Amino acid sequence: MIEQLRQTCRRLLEEAKVNVIIGYGQSSADGPAFPIFITKPEQVDKLVWNDKCYANLTTYLTRNDVKALGKPAIIVKGCDERALVVLQQESQINREALYVIGVACDGVGNPRAAKCLVCDVHRPRFADEVVGDTAATDAGGGRYLELGEFLKKSPAERMTYWMEELSRCVKCYACREVCPLCYCNRCIVDKNRPTVIDTSATLKGNLAWQIVRAFHLAGRCVSCGECVRACPAGINLALLNLTLARAAEEHFQYRAGIDPQKTPIIGSYSLEDKEEFIL
Amino acid sequence: MSEVITRKNLQDLVNAWISRGNTAAGPVFVKPDVCMYEKLSSGERLALDSFVHPTNSIKEFYFPRHEKIYTYRFKGQKLELDDCEPARTPQLILGARPCDAAAIAILDRVFNWDYKDKFFNLRREATTIVTLGCAEYDDNCFCTSVGLGPTAEKGSDAILLPLNDGEFEVRCLTDKGKALFAGKTQTSSQEAKPLSGPENRVDIELIVAQLEKNFEDPAWREIALRCLGCGACAYTCPTCHCFDIVDEGNAAGGARVKNWDSCQFPMFTMHASGHNPRSTQGQRQRQRIQHKFRIYREKFGETLCTGCGNCTRNCPVELGVLNTLLSLREHALRSSSEVRG
Amino acid sequence: MARIGVFICWCGENIARTVDVDQVTKEVAEIPGVRCAVNYKYVCSDPGQAMIRDRINADKLQGLVVASCSPHMHLKTFRAAAKAAGLNPYLVEMANIREHCSWVHHNRDEATAKAICLIRMAVGKVLRNRALDPIKVPLTKRALVIGAGVAGIQAALDVADAGFDVVLVERDPSVGGKMAGLSETFPTLDCSQCILTPRMVEVGQHPNITLHSYSEVESVEGYVGNFKVTVRKKARYVDIDKCTGCGDCWNKCPSKRKLSEFDYGLAPRKAIYMPFPQAVPARPVIDREACLHFIRNACGTCKKKCQADAINFADEDKLVTEEVGAVIVAAGYQLYDIAKAQKNPKYSGYGEYGYGQYKDVINSLQFERLVSASGPTGGEIKRPSDGATPKNIVFISCVGSRDNAKGISYCSKICCMYTAKHTMLYKHKVHDGTAHVFYMDIRAGGKNYEEFVRRAIEQDGAQYHRGRVSKITEEDGKLIVRGADTLAGVPVTVEADMVVLAAAMRPSDGVLELAQKLKIGYDEFGFLSESHPKLRPVETNTAGVYICGACQAPKDIPEAVAQASAAAAKVLVMFGKGELTREPEIAQVNEQLCAACYACVRTCPYNAIDKTEIRDRKGNLIKYTARVNPGLCMGCGTCVAVCPSKSVDLEGFSEQQVYEMVKNLI
Amino acid sequence: MSETAIFEPKIVAYVCNWCTYLGADLAGTNRLEYPSNVRIIRLPCTGRIDFNLIIKALESGADAVVVSGCHPGDCHYTVGNYHARRRWILFRELIGTLGIDMDRIHFAWISAAEGKKFQQTITEITEQTRKLGPYTAYRKLCEASI
């Protein structure tokens, strides 16, 4: 499998189909995997693929330093690929100027990451080619079980929970920077005319920030779980993203990054949208 | 002979301390898999083993992420200001890693070289730091490379060395330390075995030389490619101490506050004109390393890094100082060999 | 420090009674940035405005807050006053301390406190206002009129006579619309064609009017003053320039006879035909479905017979693009589909009246043709089934109208009148006959209308029964009309020879699609929406698009004509100016920060945001960005809410302005 | 808050310029009295009203927030309120998970003709909020230094 992957990449570079491969590297067999950028055919042996390949590499596609390297080929798992679809819908990438190498994925992490247990995109669907195969079967659902459990708490209990979680947020913005869909040139939290969100890492500022972050991903978040993985304080941001993912699915029959043809739910509407809560 | 204290007595010590109206902090498992330095509600929450390093650092307690400098109020057309005083409540940090404790000593310099930072100093005075020698280390630790180690005493008021059966040898290093443990320890015959730290992973002197002689190292662009530009490294670093100053409030009044900031953010150097002197992540990474290993040394004779490895541990893309230094060396060797070859 | 002037109005006693204006003035003067605070009995009065102007000059004010009534009432007034004193009008804000305060609160302390807070917020806002200048938009002084019925014709002629070019688009082969097919018109009984045909001819010949008959609007781009309209000229297969309208072609056309649309199916027509003798343009058209040449390439008679060689079987649809500055929609109406066969179930039914089932149950427009001198029977009333003259005729009004069950709640307005007219025309032609009318109410509001109905009843002896008809059946050649007379409280059964149904009026087919192309609103029934029912009756919410005639609501000829002239007048008002000026309170993109996700483009209700790119002098791409078209933006700000980085902002309600107000909620 | 004195909540209303603002004007013209607690902020359209404004209002010490605009189909900008409605649906779910008090955040359609409805809505919301008392949970978190 890994040989096949390296073959493909070598070919792409040799035939000058692409200028750079965005893939995974590893400094030691048992060490963690990390993103690497391969520009020469002789370097492709640095590429690895295993269950330590957490990172969603699509986040690099919107970065100027990486764009400057020329036409990229990118290695994506099924879940990462959903982000690719959203980036395409939002005209952040030109699919023609991008070579997508899908990897059939059994799941990452040992034990498996939460997202993998409910994964229903083990095989990339829109890749230019898919490498390897997996025996994993796509989950039928269960995406929102954790959320459902959480919502059994009373509103007051939820608020208390979040205050504890958010008290640890230092606003390092790792959640924002790893997110492939947080590609704004200037994040609203970095703006001060006016200051919409306090920059202070106080409960007030942290709550406002996480509300904005989650809401701006409404109908866009593909649950790749990177924000959760990146958070040094282990804050369970997934609950917020899942809330909106579930809302999108329940109210608008929409799942981000699944069907490129569907109109995104923000910036569109239906006359049938429910409104019993409106006075 | 040595002074020894049991885990139980340590916990009681903390509880007694808190009951006197003081505050205490130390490693706590906030989630089964996440250990962080947190304010302690009781000694029982204190974690003393089965972690290498908390995901944050103790700087939070003497250089908080958010601090009011002064408050302001509009009185009609006029503005009234009130200076803010930092809390002087005695504070105990128990179970700090030596690499965290060392940082406070290093930061003394920058907070006192010309302007004496009242906020830092008062908190520092009010703080007693009891470190916990490192029984284990991981691939990210490189304290030994920067002249520290698992039992380094720099910045500590006392140090605890794990003995077997959950007891700790106590070595008091300052009056604060002595005062804290006075009458709390038993003299015992057993002494802690010397603790081993990570082998020397990178030659800092070579790094410094390299940093000095080529500022415009092309390596930076390549190294920084995978850096996402978040502040996880800086904010969990015991020695990073940059801050931003903003006003927050409404038409009635508000406060001028000091918030952590990071040189890894593009906004850090963004000019009002829109021009950014550090426009690429490579330049920003270079700044961070240059500052830690060259600039701070030149100015204060200390390296602004304690090798705690938090930057790598918390980096979403496995970068961090150590890996950056290693790739720097790798590039240096490669290019020199290229020159030779 | 900013220099803001605050003017607090007593509004006589209206505000001063409940709000302590002196207290307010005192406290407001203390707000940071406020240079002067004064109160006055009527700030909107001339002396009041004079005071504002003086203060602007005396204190070199940089912004104003007028605390008085609703901005909907006087913002324009005070902005004008500021302008007169050389202060940019957009540096004026209002605090509504009357409608929102003194009039709805009785407790003086509370009202006073609230007034102060409202002013504080307004001051906060105005500190962030920016001086704005009206946006100037180039203007093409050329109008498009869609639909050439009486309304379209009137509008087109008015604009053309004023000396501006008009493009007139008509879907049918001839102009004239429904009115061309009417017999005589109420309440004067003058012949419809006699008054309309001259105007049709005028339209056809007017030097300023470009007529596209047998054409439809394909697409509309652009915005007020600068519309690009693509018109589909449907293939006619007859070259109207060569054709002389001699008639050889249709006289010789052998095709199986199709029913005439103009006569609503009461008479046949050929495959090549002229809708009616007075058609404009007086040129025939070939109906592909009926033409043997197209069906089985079997015929070419018309082509052979045509000495002008005007027949062109190879003819195709053509698309022509017209640039216009304004659009008048006069798309007209159609009748409610009463047949059992239902095209649009929501708006059809009444199978119980047997329309389409019994030959002699016809609708009102068909009756118009029957009594029209130019009609299939030359104006003699002969029933369709056997050509016999009906001695007993029943008219049923409100067929479809005022009937929620059938999907239409409104009154079609003209049926009462034309039904009365029908009874008269009938009586004038069939002296020994009886006309029965079943009606719900008689609505005869209008000049000489009531008198007209009275005449029908009193002089021409029409039998009016107040009640609805439940069912119509046919028994040995008679139509049995079962109804009730609710006034007499008795069931009424009439043995009729013919029944005429006054079907409801509905907007004609395709109006919805047209509205969507023009981005104008329409109501639940598909009638086009005016932007204000009282004060802007012919404008729409899309600048530069106007509506008139029955596509806006059911109306009779004089109303349609009046509205058409009104629409024309609106267009002329616009054309009277050198260029267009528009409110500058619109959205603007910070193109440097825009990440080009184009959520705003997707969101904008007016398609006013374009995807565009920034290139350097050499033409290298620097970045993609969204850009607002100031000619199209209406300033709703929906784009601002969906922009994650707030790289698009709304002048007049900018993020800074709004947040400054929130900051002042103290 | 003492037993005797009734608590006077701070209520912020974000309203659209063409329907609800005029509805409030009509309430005034008809002298329909309602509690003075509400502060109206006029925006062109509910489409312009961003969820951030709701949060900001709470941060500024509002005890309840009302967002109101034209009924479906009546939007001065034809569809701005449909876009708003969709965002409200999502936003409510989010604050639900966060445990923010739903009883303090209200959405309404109030037309220019519904002066009466404006009066009733504001009165009811004020009453309800008086019963709920000040939104201390939110104020506490806003005052917390960390």
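Chains: A, B, C and D, in written order; residue numbering restarts at 1 for each.
We adopt the following convention: a contact is a pair of C-beta atoms (placed from the backbone, for glycine too) under 8 Å apart; a residue touches a chain by one contact, two chains touch by 3 or more.
All values derive from a computational prediction rather than experimental measurement.
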- Between A-B and A-C, name the chain pair that shares the greater number of C-beta pairs in contact. A-B
- Can you check how far apart chain A and chain B are, centre to centre, with Cα atoms defining each centre and the answer in Å? 30
- Item | Distance between the centres, which are taken as Cα means, of chain C and chain A, whole angstrom | 49
- Just curious, how far off is chain D from chain A if you go by their C-alpha centres, in Å? 35
- Task: Please compute the C-alpha centroid of chain B, do the same for chain D, then give the distance between them in whole Å.
- Result: 45
- Residues within chain D bordering two or more other chains: 56, 60, 79, 83, 87, 145-146
- Task: Indicate the residues of chain B shared as contacts by at least two other chains.
- Result: 65-66, 250
- Note on the structure: Multi-chain touching residues of chain C, meaning two or more other chains, are 592, 603, 642, 659, 663, 665-666
- Report the topology of the inter-chain touch graph, choosing from line, ring, star, complete and other. complete
- Contact footprint of chain D on chain A as seen in their complex: 147, 150-151, 153-163, 167, 188, 196-197, 201-204, 207-208, 211-212, 214-215, 218-219, 239-240, 243-244, 246-248, 251-252, 265-271, 273-275, 277-279
- Message: Under the definition above, what is the set of chain C residues touching chain B in their complex?
- Response: 1, 30-32, 34, 120, 124, 592, 663-666
- List of chain C residues in touch with chain D within their complex: 70-72, 96, 98-101, 103-107, 110-111, 113-114, 117-118, 121, 519, 521, 524, 541, 585, 603, 605-606, 634-638, 640-642, 650, 652-653, 658-659, 661-663, 665-666
- Partner chain A, residues of chain D touching it in the complex: 51-52, 55-56, 59, 68, 72, 79, 82-83, 85-102, 106-109, 121, 137, 141-142, 144-146
- Message: Quick check on the complex: what are the chain C residues that touch chain A?
- Response: 592-600, 602-603, 611, 624, 642, 644-647, 655-656, 659-660
